[in-house]
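In the two complexes that follow, chain A is the common piece, with chain B as its partner first and chain C second.
Entry: the complex of A and B
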């Protein structure tokens, strides 16, 4: 019964090793990032410039805002495959309710900008709620539910724009998506705000604790009297709303809204969260990890454009480097879990 | 220690020398020596966290990092995995069975090495072989039966058969009798007798000292990660073993578990939870009872009598098919466990795994259920830690550092953390399912004290167990469940274990 405290960990060297092992999840992605930066720094003179740093920040913004919401979902050991399509839908909804130029052949309903924004956010929240309903009430796996939602959201996009491209968005959205203040793009500031709020919610609020506990051991959370379904519903709505904001700003950022606009971000945001070290099995990781993951992805995407490689080969290289980062990540996590064996 | 020269005809099958092991910073084993002879049944006893399970997991290749030497048949070995151990003839039957419930008995016996004919599974050979194997052990069962349909005791024997069949000359049994009914235990002992006669060796870990003493040749006692003593069974008795385990005389505990108990419920307490004609699927029906403040209500019944499902329905985890729950006069509709918690009903399930967060620190495990009271929006970690420290002191949880990861604590201490979670919340009705399962005498005593204290403070406690001793030691009033119904109530009378078993 009595287990006198830690005679084997008295040596500082051992304690440091144990600490390092426990932090491998966070260290490995960071090392990956530094390695990538070092490589591109050497390989390309145009990579390590202030302008390019600003570029990278801007390039990761849209995926980054999505990744904030996705981090909540993955921490709960669930997955959202619909957020990119929901982002697309929100972007199209906000444009649909904005006055378009006369040559745009879409039968839209112009409304005041504020109303259009509220409707777009509401639309994404409703889609998130439908996800939540399927998961918690019907009992569908999130993988299947959000896969269906991906199609549904794409269908909404298709019906609204009917293959056309729309351009105009409310001024506020336009400013936040494409404008800048004092040389800093607004979209980067919005990303920073989302990351900060996401981090604060996950780390310092009761809800954030529930997210980690539900992800760490769902059954235990339920037996502790936590309303697990409510937490799961909340993270899916959070993910959808983050996607909605990302979608609106993305439309302004790229200057147009059209079908399948954000499909590529599905992989990018999931990869950013997981490469950053947040466990797909839930309960471990956080916004800090997602930030590192975003930079790994941003540096990779951006850096490959600065070196002389066959541009078709780049896609393959990108995939291979992502795979390597994931392998390092999983390996680091195994190291860690090896240090916590259940004593009996 | 039995010197090998006492039995010059037989050598040593397994020898462990100077084994030490720690988890995180918690030392589980210190310089342990251990010896096992051929054809020997070696009983292992000790309190929770004494180190016996850890030593067994080293022997079975589950824990691969340790200090010290291990020799099998005189040859030094170092296992890298459970597979290595099995190849060296060491098999383990864990407390949680690892059978495949959806496959047949024959498939389970031959798991991983089914005989084939032209690439197809040779069902005939397999069924005949399994049947023979089992009959050799005195187990008579149709090899085509689906494993999950068999009683737990039989499943365990079949798993044992599989381990022996895979060529194990050393079999480790971890708490094999805790889930078994008395006839099943007798059957297991018969089988073990056969195993001994065939020259194979058995290590038998149990908290049930009677079981240990009736089946073992040699008994080893562990305490605080050390091997305290090894002695022939002929030379010892139960009281002596308990003294060795605890380190001091403990006749008073012993008494309360075996003797006759006088139940004295106080009908003065107000009814805090009333159940009318509750039913759930095929598990139980027409269950009615009242839980009163300041009383411990015991619900006793064999495994599978519906008591586990009852506990889940009371806690809102399962929705009943029929019946009414009322708390303090108002009807309750428990949509989920959170609703039960808000209604003042709490459950500690029989498996601690299902209510603990192994990768989180102790204090987060303790505070989780009460988080809504400690913090509305913003977390208050300092208050959480303070509360956890108080609980740690009250329940004597070791080590007392609340920032420690739960996974680094010993099993008994983890169980106390599970209890601490609800003690912090202070429900009006506390349901304890198998509160002392797998616990040693000392820890059981702690649980008895905690439950009595809660009762005296006015809590309604419901103790659900398949162990008569547990119910007898704790309850003021006892309901007996049998095949999904409540068949008897004991109140204000003197009963013993025999009386309880008679009606169940």
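Entry: the complex of A and C
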């Protein structure tokens, strides 16, 4: 018996399989998010409430603003390990230039709020520029350069506050970090604005296209005449400035600025970007992926609190989830390469 | 060895290479060569695998870490200039293997040439006139094209940077003979715009047929230079293989 339909049936099936393989990076985080929400919804009656949704959104805001900048860096197939320390430095700089209460034992320099904010953002940008200089001019790998910057920024924090805690920040920072409008925390609105702008830049601008080109095929970008070093420098500065804003708002949100305050966000933001499906090898992913990754982490952290899991076990579970995401990330890359070859 | 009148670039060549050495780490891939290319001139560089042709191209476009000697474009030294700067200044490379961005559309790949290159008269319509199939496929992803169509995009991208000098590195590699003919047919029409062209290829016949002058490379040196019509195939083959 002949089976004339077989080839035509096999072709769509192969196409579907190739499509699923190529979309594995996007599908896996989404399925993970749905599974986590379903699990915590069943496991805890207090999880699926509007108050808790608002809570999750607020909890992911600081890491989310950092993750926007980090998405640019990872899309270029680079890494920034200094953004959490830069966030810390920016938070301390803005507080350092703000009038503190008399009981705060820090010899700071009070300046008008607007000036303090500009100085903090400038400080972040300068630290990002130093990262860029190390990567593009000296030729240090971003991993090494930003690891060194992590220490430099921590050193700046230590020098400014000398082990003390500072509390006051300019009114604008305080309002955006800790205030709300119509019941919606300002920090959530700032996060939404950063995500939106990040998405628009990456999707609809020439610079965004160059970010994907540099990450996807750096050699081709260079041969074509794209100024690769300028793109790499720009993404490191963007990452640092996003971290600076997150740091300032974080200080207002938590009510104090001190050394090592944002250390935990290093893993959170990297995890959000990678868990969301942005490729560690560059060129694939984007802000949409980062949003999913932020929700996965937010739901996981928040949900684990609701089911009363040992806080030490929570750290272990987070680590395991990150490991699983990394494995999927690499696996998806291999699958995609396979499906492209198959399609060819 | 020089056969016939090998001069042709004029007193002020568009590209002038003098005593150029190219290094990959400690390995010297090109050993102090001299070369000129004039405006509107097609110069072919032939040679076997590993002869140093691509190293020479990469040195001109600023993609080699260490070079010695002098490369001048329109009288200006290219020493220390970044590739982006060189492309913006009027040199474009069609790289070996095409090096397109597979996830971007044909139009987006082409637009890159326009964005990063020299501003000039060549437009997207000119490219579509040369390669009508690209107009039909302008919205398709580059990865969905055949090898020949991808090569057309690579040529179009380079042309849209409005170069004064076009470097074509192994443009026939991996393509079907009919497609290679199509690609080679457009080279003279590019030259008509006054663009100097360097064609690097292992395909001796096609590459010499289109050239005004040629350089034959052997183990990092020019073993033979001259005009294709003033030499014979045996002489070329002898210097090609170092016999």
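Details
Definition applied: the second predicted complex is superposed on the first by the 316 of 344 C-alpha atoms of A that agree within 3 Å, B and C clash if a C-alpha of one lies under 4 Å from a C-alpha of the other, contacts with A are read in each partner's own complex, and residues count from 1 in each chain.
Following the convention adopted for this analysis, a residue touches a chain if its C-beta (ideal position, glycine included) is under 8 Å from a C-beta of that chain, and two chains touch if they have at least 3 such contacts.
In this text the structure is predicted, and so the values were computed from the model without any measurement.
Shared-chain residue A:205: touches chain B; no touch with chain C. With both structures placed on the common chain, the touch criterion links A:229 to chain B and to chain C.
Once the two structures are overlaid, the count of chain A residues touched is higher for B than for its counterpart among chain B and chain C.
Of the two partner chains, neither chain B nor chain C is touched by A:311. Once chain A of one complex is fitted onto chain A of the other, the partner contacts of A:220 extend to both chain B and chain C. In the superposed model, A:18 makes contact with chain B only, not with chain C. Applying the stated touch rule to the two superposed structures, the overlap between the chain B and chain C interfaces on chain A comprises residues 206, 209, 212-213, 216-217, 219-220, 222-230, 283-284, 340, 343.
On the side of chain A, the complex with chain B involves touching residues 1-9, 18, 204-206, 208-210, 212-213, 216-217, 219-230, 283-284, 339-344. Contacts from chain A toward chain C in the complex involve residues 206, 209, 212-213, 216-217, 219-220, 222-230, 283-284, 340, 343. Against chain A, the residues of chain C that register as touching in their complex are 61, 63, 82-84, 86-88, 92-93, 95, 99-104, 108, 112-113, 115-117, 143, 157, 161. Remark: chain B residues 22-28, 47-50, 53-54, 57, 63, 224-225, 315, 317, 336-338, 340-342, 346-347, 349, 353-360, 364, 368-369, 371-372, 375-379, 398-399, 401, 405, 407-413, 421, 425, 440, 442-443 touch chain A in the complex.
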